[in-house]
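In the two complexes below, chain A is the common chain; its partner is chain B in one and chain C in the other.
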Partner chain A sequence: MPERIKHKPLDIDKVKPPKAEIHIITDQCKGCGYCIQFCPKQVLEESKEINARGVHPPKIVDESKCILCSFCTAVCPDFAIYTTEKKCAEGC
Partner chain B sequence: MTEKKEPESRKAAEEVRIGVYVCHCGLNIAGSVDCAEVAKFAATLPHVVLAKDNRYTCSDQGQDQIKKDIKENRLNRVVVASCSPRLHEPTFRKTCEEAGLNKYLFEMANIREQCSWVHLYDKKEATEKAKDLVKVAAAKAALLEPAEEAEVPITRKALVIGGGVAGIQAALDLADTGYNVYLVEKEPSIGGMMARIDKTFPTMDCSICILAPKMSDVGHHPNIELLTNSEVTEVKGYIGNFHVKVLKKPRYVTKDCSACGECVKVCPIVVPNEFDVGLAIRHGIYTPFAQAVPSTYIIDMNVCLNKDGVVVCDRCMKACERQAVRYEMTPETADLEVGTIIVATGADVFDPTALPNYGYGKYENVITSLEFERLINAGGPSGGHLLRPSDKQIPKRVAFVQCVGSRSDKSGKLYCSNVCCMNTIKDSLLIKEHWPETEIYVFYVDIRAYGKGFEDLYKRARKAGVIFIRGLPAEIVEDKKNRSLWLLGENSLQNELYKIKVDMAVLSIGLEPRKDSELIQRLLTLSRTQDGFFMEAHPKLRPVDAATGGIFFAGCAEAPKDIKDSVTQASAAAARAGILMAKGKVTVEAITPIFYPEKCKVCGLCVKVCPYNAITLNKDLKRIELIEAACGGCGTCAAECPFGALTQKHFTDEQIIAQVDAVTENSPEKKIVAFCCNWCSYAAADFAGVSRMQYPPNVRIIRTMCSGRVAPKFVERAFARGAATVLVAGCHLGDCHYINANYQMQKRVERLQKKMEQSGLNKERLQLLWASAAEGERFASKIREMKTIVESVTSKEIEASQKVFEKALTGV
Partner chain C sequence: MVEQVTHPLSKYLRADMMPHIWCPGCGNGIVLNCFVHALDELKTDLDKLVVVSGIGCIGRTAGYTNTDSFHTTHGRAIAFATGVKLASPELEVVIVSGDGDLFAIGGNHFIHAARRNIGVKVICANNFNYGMTGGQLGPTTPLESLTTTSPYGNIEHPFNLVHLAAAAGAIYVARWTTLHVRRLTQSMKKMMQKEGFCFIEVISPCPEIFGRYNKMRTGLEMMEWFKKASVVESFSDPAKAEITKEKIVVGEFVDTQKLSYEKLFHEKIAQINERSIQ
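This part shows the complex of A and B:
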């Protein structure tokens, strides 16, 4: 569409995207970096820390950007990452 | 036709007997040209057996006179000196045919658009020029030869580009007539602008309510193939036989979609919905609006998580019961064969961020009229409640600012956008209808309520208490506390300054040409006016035809217009296209090349320059082969051939050289010999005439179909015969009606200029001009500019150029 969009959508507050919680089992990670590379929302990056296997596990940049696609879980060869949905009672 | 053939060919062998008719055109010509004197002069020209002047040659009496003379005086050539051949050549050709004379034995001298109208105040010079033009026409006429036109079958299918209300109407009309129609729309749904508007003026009908049934008809019509999310990428061919390539972008959802909407609920992507001008959200998988046709959903791959080709998210696929989601879909190309094309590509709206004084984009409560339509629309993001964006409260005081982006030479466009006045009046009444207490101010330049029922609506708005103030605000300033707006300006009716506070301001934005209209222009070789909208073949008598045969316009693509006018024009375009297709065949002008194989050296230069690939080199047989049906008739092959083995019918080398010789017979040192192409530069000269732009009378225009026809030897001949200056004019590069033939002309002219420079001549004496059909002033100012060059050329220089180009006088 040609027109430039200048205003914020009026119903933007009505959509509540799911809130995610990302769990990383750091010592299980072998540092392949697939989760970082394939995350469609760029939620993860390599951390400075060194885990039990002597590699840099991923760390979370911005959890609120996660949309719970769980692709990180799917691509992790070591079952070292998974996501869960935050319940609203936990404050959202 | 076959009966006439015999006498015609016999006549051609007889002595040449030319009849000349000088038309007064009332006072249009006679006002600044002494027509009787021109006729008297014409009678002295070689081969002219009869010369007459009459008031209106194109009238029935005028035509009858010609027919009578052809029979009684055995005329075998006819010259009419009157208006532009672009206007009345077909008329007089028919006259000749009716009298049994082949229509290619007719020639016209343009003494109105290119003489009397542009030299209104110099009767002596204008008369002299008219005489010259008649002489040129008679010189060509003497060499004219009869020709038969080839018949081309017309494919009985139509292509409509653009699925707004105009495209929808045109497609339905054609489909109902019984033709197969392809309707191509680049958006996911048809409907266009009308689908977004709340109510229509002046009757206050619900816009989508009257449009949706038509959209649905298109979707179900057995004769319409709807191609949405698709774009035309290539158009080849000519009237009756267009080959069109359409890129069908994938929807990623198959036709099995039942539009249940379950997929939308699970899609994690949220972006602004373009259909609602960003005032509402949509998901990555969506349908633009409830009434969309086709109703099939679509995935916006630019925002989908799977955009990189890895299926990261498959929620919509899992949610779809009918398994209609397919991430693996790829673009397809459809090859269409159509006979006619209707261009209904619509218009864009003006972006008011170009006017910083109105604060659009800076102040939240300044919105555009299109955003207003979505806000007041019950199907829109606010459910029909007019909310001001900053606090979502219903505004108590609303201002409308007119002519935003229209009628201004400083900011925006010069033209009036036609719909904004009535749209605002309608909008103000809509507010009054729902919230009668709202104070409404309309700031305007003029209120243009010109159409049926418009004035009534304007009166109703005034009666309802809408306050109209003449004088646009100079500035809009925001009150930081409550985000209200101050409008500051001058009331030019009462000569006083105003400062008015409102809760919300609506900018009544104008319409502008589509940003991609240049692409459409190139694909279809169309012309555009200075405003940027597509140009019709004739503003009064062929308002929906393009200059290119077989192509028609509907809706805002041609100029800003309201729904009623768009629909009217769409039906007209459909009727025009229908006429062509009903006939089933069309004749092509006999302006294809004549080939003399004995002169051909099989060098292959013509093969390279032919824009239509109508000439091929047969390597096995070592010869050139012509495909006449593919030929567009530009004549650039004839100009390119160094051996004279090719020439163009009706624009032969001999004929054009005879014209050059006639122009340069008397005082060539004072003249500009101009070669103009039929479609752009000759039309620009005509346009200068219609607009009465005055320019010096020393120019003599020789018309060719394309500037690519202008062979170097014509220019050389003009200089060799002592011409002061030569002008070669064509369509703008990229706009050529023969694809790219004008590039050949550019090469040739630049080569000639180089030669002149090397021979010590002033290369300024050969000028090149690109002028579109709308650029009359550009043509006129070029002639003015060239007059100073003519005056600066000394007799010595002319002698020198005569010597340099001496060779051009021989060997023809």
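This part shows the complex of A and C:
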């Protein structure tokens, strides 16, 4: 639970953060690094591979940490990354 | 998961023009991204939207959006948009242009369009210099900044764009940086629903040209500067919102309502026609 919330929310047992699926269109990336730097959960990091444009595109470290804030989708100048909600089976 | 897929917003962009020509780290891509996000959230009819842009890096926006669009000559984006809006008032006209285009050569068009309250929406990407032509000193370059034409530091006082727009009579004035993507999108949505002259200034990083001369060589360094310096203040006095190295006041400045020019114009024509028939 984040430190700024002093009281435990009443529906904390029922509400779960959504599961996200991150899609990276590697060859459109120009390697500005905004998605890596400004991700609130540090889900992305720079990869070792080089794409068609000669830069290092981001790669996913841990997709389960993503909370679907979609900041990376909004801040990407090259339309190279987007997130969708993962539809999961019952019980997850 | 790394795969080859199409972006969900690609229907708003011309596929044959992509990828765009903007440098890595340029804020113009973020302005375009926020704009198409706002269109997507509002479910705008693309047949009822006109995007007009002037000369400059951000002027390419007109070619990238999959709408009716026009890339005008230098400084005449507002003049062209005025004609479009008066000829067909049912169209939504959005101008996406830069600070050099709108405020240097097109300054007069801007203040008179704001005074007459013509119902066009202006999004201005402010990168503090003339990026496309090699980084010359522009009307918004902050004091003591280094550019190719001011190698010892700028001594010209810059324009405060939000103050200018508010004083000239715009009904909606806001300023955001490219880091405030959510609020920028919200602001664009709000602007599209208003009738009258609206203005949004977007502080945009220009790492390749402006940043290179001012010790911010990457887009990330410029964005860190915005993160550190920007202060969100709602409806504060635009006269005090000067951009300095230490402080960039962002937020909404003006949100009022006034009768728009094209409405008064067509009412007046109808009145005169009625009188001449009698």
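Convention: the second predicted complex is superposed on the first by the 73 of 92 C-alpha atoms of A that agree within 3 Å, B and C clash if a C-alpha of one lies under 4 Å from a C-alpha of the other, contacts with A are read in each partner's own complex, and residues count from 1 in each chain.
Keep in mind that, in the parts below, contacts are C-beta pairs under 8 Å (C-beta built on N, C-alpha and C of every residue); 3 or more make two chains touch, one makes a residue touch a chain.
Everything quoted here is computed from the prediction, not taken from an experiment.
Peer 1: For A:I12, using the defined touch cut-off, is the partner it touches chain B, chain C, both, or neither? Pick first, second, both or neither.
Peer 2: So A:I12 only meets chain B here.
Peer 1: Counting only touches as set out at the top, which of chain B and chain C does A:I22 meet: first, second, both, neither?
Peer 2: It touches chain C, and chain B stays clear.
Peer 1: Where does A:V55 make contact in the superposed view: on chain B (first), on chain C (second), on both, or on neither?
Peer 2: Only chain C; A:V55 stays clear of chain B.
Peer 1: Is A:F38 contacted by the first partner chain B, the second partner chain C, both or neither?
Peer 2: Touch partners of A:F38: chain B and chain C.
Peer 1: Given the superposition on chain A, which partner contacts more residues in chain A: chain B or chain C?
Peer 2: On the superposition, C touches more of the residues of chain A.
Peer 1: In the superposed arrangement, does A:F71 touch chain B (first), chain C (second), both or neither?
Peer 2: both
Peer 1: Taking the stated contact definition, name every residue in chain A that is touched by chain B in one complex and by chain C in the other, in rising order.
Peer 2: Residues 38, 71 of chain A touch both chain B and chain C.
Peer 1: In their shared complex, at which residues does chain A touch chain C?
Peer 2: 21-28, 30-34, 37-38, 55, 59-60, 63, 71, 74-80, 82
Peer 1: Applying the document's contact rule, which stretches of chain A touch chain B when the two form their complex?
Peer 2: Of all residues in chain A, those touching chain B are 1-12, 15, 17-18, 38, 40-41, 67-69, 71.
Peer 1: Which residues, counting only chain C, touch chain A once they are in their complex?
Peer 2: Those in contact with chain A are residues 1-10, 13, 18-20, 22-30, 32-34, 37, 178-179, 181-182, 185, 218-220, 223.
Peer 1: Sort out for me which residues of chain B touch chain A in the complex.
Peer 2: 187, 268-270, 272-281, 305, 308, 310, 312-313, 315, 348-349, 351, 353, 360-361, 364, 367, 370-371, 381-382, 387, 389, 392, 514-515
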